[in-house]
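Presented below are the structures under discussion, each in the form of structure tokens.
In the two assemblies presented below, chain A is common to both, partnered first by chain B and then by chain C.
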Partner chain A sequence: MTRPKSSPFLRRLGAFLLTLLVVHAASFFLLHAARGGPFDAERQLSPEVEQALLAQYHLDEPVHQQYLRALQDLVFHFDLGPSLRYRGTDVSTLLAQSAPVSLALGASALVIALVFGIPLGLWAALRRNQWPDRGLGILTSIFLALPNFVLAGLAISLFSFSLGLLPPAGASSALHYILPAFCLGLPCAAQLARLTRTTTLETLHCPAVQAARARGVHGLPLLSRHVLQRALIPVLAFLGPAAAGILTGSLVLEQVFALPGMGAHFVQAALNRDYTLALGATLLYTAVLGLTTLLADWGISRFDPRAEALS
Partner chain B sequence: MASLLLVVGAGSCTQDAAVLRIANGADPAILDPQLATGLADARILSALFEGLTRLDALTLQPIPGLAESWESSRQSRRWVFHLRKEAKWSNGRTITADDILQSWRRLQNPSTGAPYASWLNDAAFTASESTLQIDFPHSAWNFAEQCAWPALAPIPSELREGQVSALAFGAIASGPYRLAFRRLRDRVRLERNPHYWNTTSTQIASIDFFTVESDTTALNLFLAGEVDYSPRVPPLAVSALKAKHPNSFATTPQFATCFLRFQTQDSTLKDPFLRQALSLAIDPIALIQVLGAGCRPASRFVPPDLHDYDASCGLKTKRQTFDPEAALVALKQSNYRPEEAQPLAFLFPSSPRNRILAEFLQDQWRRNLGVEVKLANQEWKTFLTAQRGLEYQISRSSWVGDYLAPETFLDIFQSQNGNNRTGWQSQAFDQLLQLARDATDSQMRLDLLTQAEDLLLQEHIILPLYHDESLELISPRLKGMHQNLRGWIDWSALHFSEASHD
Partner chain C sequence: MQRRTSISAKISLATLFIVALLALLGPYLPIQDPAAFHPEQSLQAPAWLQQPVLGTDAYGRDLLARTIWGARVSLLVGLLGTLVALLVGVPYGAISGFLGGRTDRIMMRLADTMESVPMVAFVLFLLSILQEYRSEMAALGIGRLHLLFFAVGLLFWLPTARVARSEALRLRDTAFSQAATAVGSSPIRTLKKHILPHLAAPVIVMLGLTLPRVILMEAFLSFLGLGVEAPNVSWGSLASEGLASMNPLIAGHWLFLVPAAALATTLLALHTLGDHLRDRFEKSRRL
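Then we have the complex of A and B:
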């Protein structure tokens, strides 16, 4: 009797859940290994008050016991626990308020990256060694070399102060998100443009495209039916981790533009020893990374017959 | 993308010219006046929760708040407050003496986790309908002033009994404003409290306290006209702001001191001559020049802003702060031989400004004494743990006073105080503070406190480096802001004029 073959999708899902548990355990013990506690401050609490607080949050128990408690709450109740800094507020509430901001910013940046990156890469490949190709080479080098906070500084200086078109920070309206979305999206657009250019050039010389040309297919039909379908497979593979990077990579920009996203929770929670919030943010980032990678793999399997189908 | 931006914008708020916009700093942890400690949190809480007293923003003297009058016994051990009859919560319910009594009991309860629980240690309260009596076992000279601080403000029964979510704290308020809404890490919006006893004098309809952690971002927002007040400015921008925005930039002394702690149980630093040598080798004027804006030289631990106390100190001591020759003499008297011994270690919390300070000190000790000092920086919580555990030789420290009296500084160096963190235990020092607490005469108390501070400085347990100054940007259209030592804002006095942004 042969073992029934398990679905690749279920296998990937299992691996994903296992990854979450490993990340949870590693983050939990690393956070607790760091010196200092959530209630340490320049003005030290009196010993009775400190002890009462530690007991209230079970922080006076051995670490392994705290871990089992956190794991149990997570697995059986989907409960990330109360924040230790925002006392009286659950981590899930904090993440529910901040995650949409980061995700919307990241998604906007991703759209910018796709809208600018792929067409420009394609154009450069079709005009190889001509001015569009050379110009794009210089431009992409600049965007890839500039750290995003420098880009943010230049953008604020130009668009907020010289031209007076956009607000320099804040989250009061949709206008406030334009500068950060571009600062986050343009470096990724530069990467995408380079990748699209390279893969298009390779595809243009592949036998299938040459054969199509010999059959008299030219222009847009050649590009859409024969070139793009092949050239975009590596781009799709790149998009999975790039999307995760962009969705989770707005930490610095959220600070510069004073946006109420998850970035500051992620960094500050660890510095504040807000164990539960830091753990919750880490798990959410891990989930986003895992899901976007899964999604990209599924996309590849649809377009590339060589890839294992994730059905 | 447009749709995504609309999604984000949908939950947002429009700007309104009648709204006072403040780049407040870090996101407040919780709008519970009994749990807050930082100045940024206190700024919001002082608009929401009024105490029995308020402070006059010009003189910082206590003035009537929820209590219309009060009296104290001659030794300030018994205080009696008379509540105003028209004092109401923002839901219209009357604020009673029992509200205050229950709030203070909650503050005293260790499970509340209140940092200021010790303020009411051993105090006994009794309340009648509109009178509240507090008896302390010692003199509580500054209690009327302490009552203005949010920690001692009454909190409504709904909050005490856990009937409202933590994010809605402030919706039932006793001050000139109440919470309209709060978006985490974005803003706290307050609106005028129609039931505030003095609501007719509150002129600004709403206040937005924005969460802006970066000083540079706060500066950008101010320069773009997106905020009216920023209580922080990047020190590097100060000279340009003074030149280009003289009507907006303001600098004010703060009741705070930056100082060095010497770890007196360390085998090397327990030598008082070495501590003296290290103290006398630092040029405070050069330090201020190196650090730039935001500080003024310190010769004592208690900032020189308490007139009675300063007069008392001035009569007794002229403290020597910088004398390289005397420093060398002290070094020779000590057991420390720089050429043979291990370098000393200086521990400080990571920040660019602290790095500049550390390198300056290292250079001064090398140049004036020939003593080598290794620098070590640590992330804040790690640093605090090391300092608490006395795992350092010399460390950078700071302290902000809670009320305008020397005790708020000196108390921390009592032998059993958790904030001591130097390993220094002095019966004489403890006794002087105890005598000052029991003193029946104000001048006698100040004399005793002066002696205590002299002892602390003469033994070189700490080295005061500088007193902080606040750097602020205030829009010329905002009137009624009075700079003071404690950053206290009289919210009812604020109003907008027609003047344009400079």
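Then we have the complex of A and C:
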């Protein structure tokens, strides 16, 4: 009798949840190893007051009890405890306020990356070694090499200060998102364009496409029916790393453009030693990245029959 | 086989040579002290052929000197960070690939898990917590700069480990390594004498690809304020200062443009060279 095989998707979901748990535990114990309580910077406190403060935040219990309490709060109430800097505000509230800003920025950057990256990569592959390919090669190298804060600085000085077209900072209207979204999305688009170019070139020489060509399929039908569905599978797999890149980039760009998103909060928390907020943000980032990877895996298993055979 | 080094690779190499030379000779060049305040000459625009060549910042510090000293930190962290990544990644990957079987599966599963964690966020978190231990670390002689090497090494060892593993996996089944095992060479000896030397070429390629990413990461961390500390400067912290002072009221655009240009040129040259190295390696492998 053979054991029923667990579905690969469920296994991945399990691994994802386990990762979240491990990240939470690791951050939690790291945080506790950090000696020097959150109230050290305050005025000298009398022992009674300090004791009361510690008791209020349950900091006087043994570490394992604190950990279990934190885990319980997180799992059942999505409660990550109070922020150590913003008194009277919960970490979950702060994250819930800032996540939409980051999500809007990240999603628009991803859309920009897809809209520019894939068609340009295709174009370069179809015009191999002609001017579109050469030009795009140079352009992608430049965008890959430029750090995004350099790109942001150049964009601000050009579009905000010299031309006065777009606002340099803030988040009060959709206009404010244009510059950061492009600064975040274009390097990713460059990566996507390179990847699409490589996979398309490979696909154009694969037997199935050559056979289709031999049957007389040309132009757009060849591209849409035979090339794209094969060439885009590695691009789909790139979605996970792309999300990671956008996430990293947003840490800097939210600072530069003064967007009140999660990245800005996270960096401020790391600088201000607001550890509970930093822990919450790290956890949320892990969740977002894990979900994107899961989504990409699901997409691959949907569109690539080979993935089924492999797993 | 005809081997041609492309013109862009040559230009990149020359650029890097100049940058490295400036960084190495920094202390001996006739430039001002990068940390000296000269309030009477604050915010002077670049004068190109006279002093100050690249202008000064709000405290009157010479930007040319600061950019050259920044190059020292950026390149040092880049090189040592890459070294850390290789020193961790290559043995990890080589052992995993060489031993194979269950060990390989467990080690690679661990690597997969680490890949699914946003390491940048985790490293930021770690760096901020380590701040609490500054005095202890200072007593041990560990400064912020040393932490940076390990932080960036931690971020970039995974791709190297994967490359080393796939090479070791391939080499394990070659005739010479099986022959070594057959005449009684212990696994450790085989790994050391027969596998590791063959990893040199792919590792050099990985070095070329990792170096620009490490330099970028250092700039990124310093830009956020979690990298080098004053009085040290790096291109990232200079660009951050420059960007902060870039507004229509001060008009100090050169404060941003100079370090940004230095960083961008170096990274572009490194990327070009890294790609060139990889293409050449792949070509020689195919033949």
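As a convention for this text, the second predicted complex is superposed on the first by the 278 of 311 C-alpha atoms of A that agree within 3 Å, B and C clash if a C-alpha of one lies under 4 Å from a C-alpha of the other, contacts with A are read in each partner's own complex, and residues count from 1 in each chain.
Rule of thumb we're sticking to: contacts are C-beta pairs under 8 Å (C-beta built on N, C-alpha and C of every residue); 3 or more make two chains touch, one makes a residue touch a chain.
Here the structure is a predicted model, which is why all the values come from computation and not from measurement.
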item: Partner chain(s) touched by A:Gln255 [first = chain B, second = chain C, both, neither]; value: both
item: First (chain B), second (chain C), both or neither touched by A:Phe161; value: both
item: Contacts of A:Ala174 with chain B and chain C, given as first, second, both or neither; value: first
item: First (chain B), second (chain C), both or neither touched by A:Leu68; value: neither
item: Touching partner for A:Ala208 - first (chain B), second (chain C), both, neither; value: neither
item: First, second, both or neither for A:Ile142, with chain B first and chain C second; value: second
item: Per-residue contact with chain A, leading partner among chain C and chain B; value: B
item: Touched partner set for A:Gln97, first chain B, second chain C, both or neither; value: first
item: First (chain B), second (chain C), both or neither touched by A:Ala25; value: neither
item: Partner chain in contact with A:Ala278 - chain B first, chain C second, else both or neither; value: second
item: Those residues of chain A which chain B touches in one complex and chain C touches in the other; value: 34-36, 156, 161, 168, 255-256, 271, 273
item: For the chain A and chain C complex, residues of the former touching the latter; value: 15-16, 18-19, 22-23, 27, 30-31, 33-36, 141-142, 144-147, 149-150, 152-154, 156-157, 161, 168, 244, 247-248, 251-252, 255-256, 266-267, 269-271, 273, 275, 278-279, 281-282, 285-286, 289-290, 293
item: Residue numbers on chain A that touch chain B, as the complex places them; value: 34-37, 39-49, 51-53, 56, 85-89, 93-94, 97-98, 100-101, 104-105, 107-108, 111-112, 115, 156, 160-161, 167-178, 181, 255-261, 264-265, 271-273
item: Partner chain A, residues of chain C touching it in the complex; value: 113, 116-118, 120-122, 124-129, 131-133, 212, 216, 219-220, 223-226, 239-240, 242-243, 246-248, 253, 256-257, 260, 263-264, 267-268, 270-272, 275
item: Residues on chain B engaged by chain A in the complex (per definition of touch); value: 1, 4-9, 12-15, 27, 29-30, 32, 35, 37, 110-115, 117-118, 165-167, 169, 183-186, 210-214, 216-217, 220-221, 223-224, 226, 379-382, 384-386, 388, 398-399, 418-419
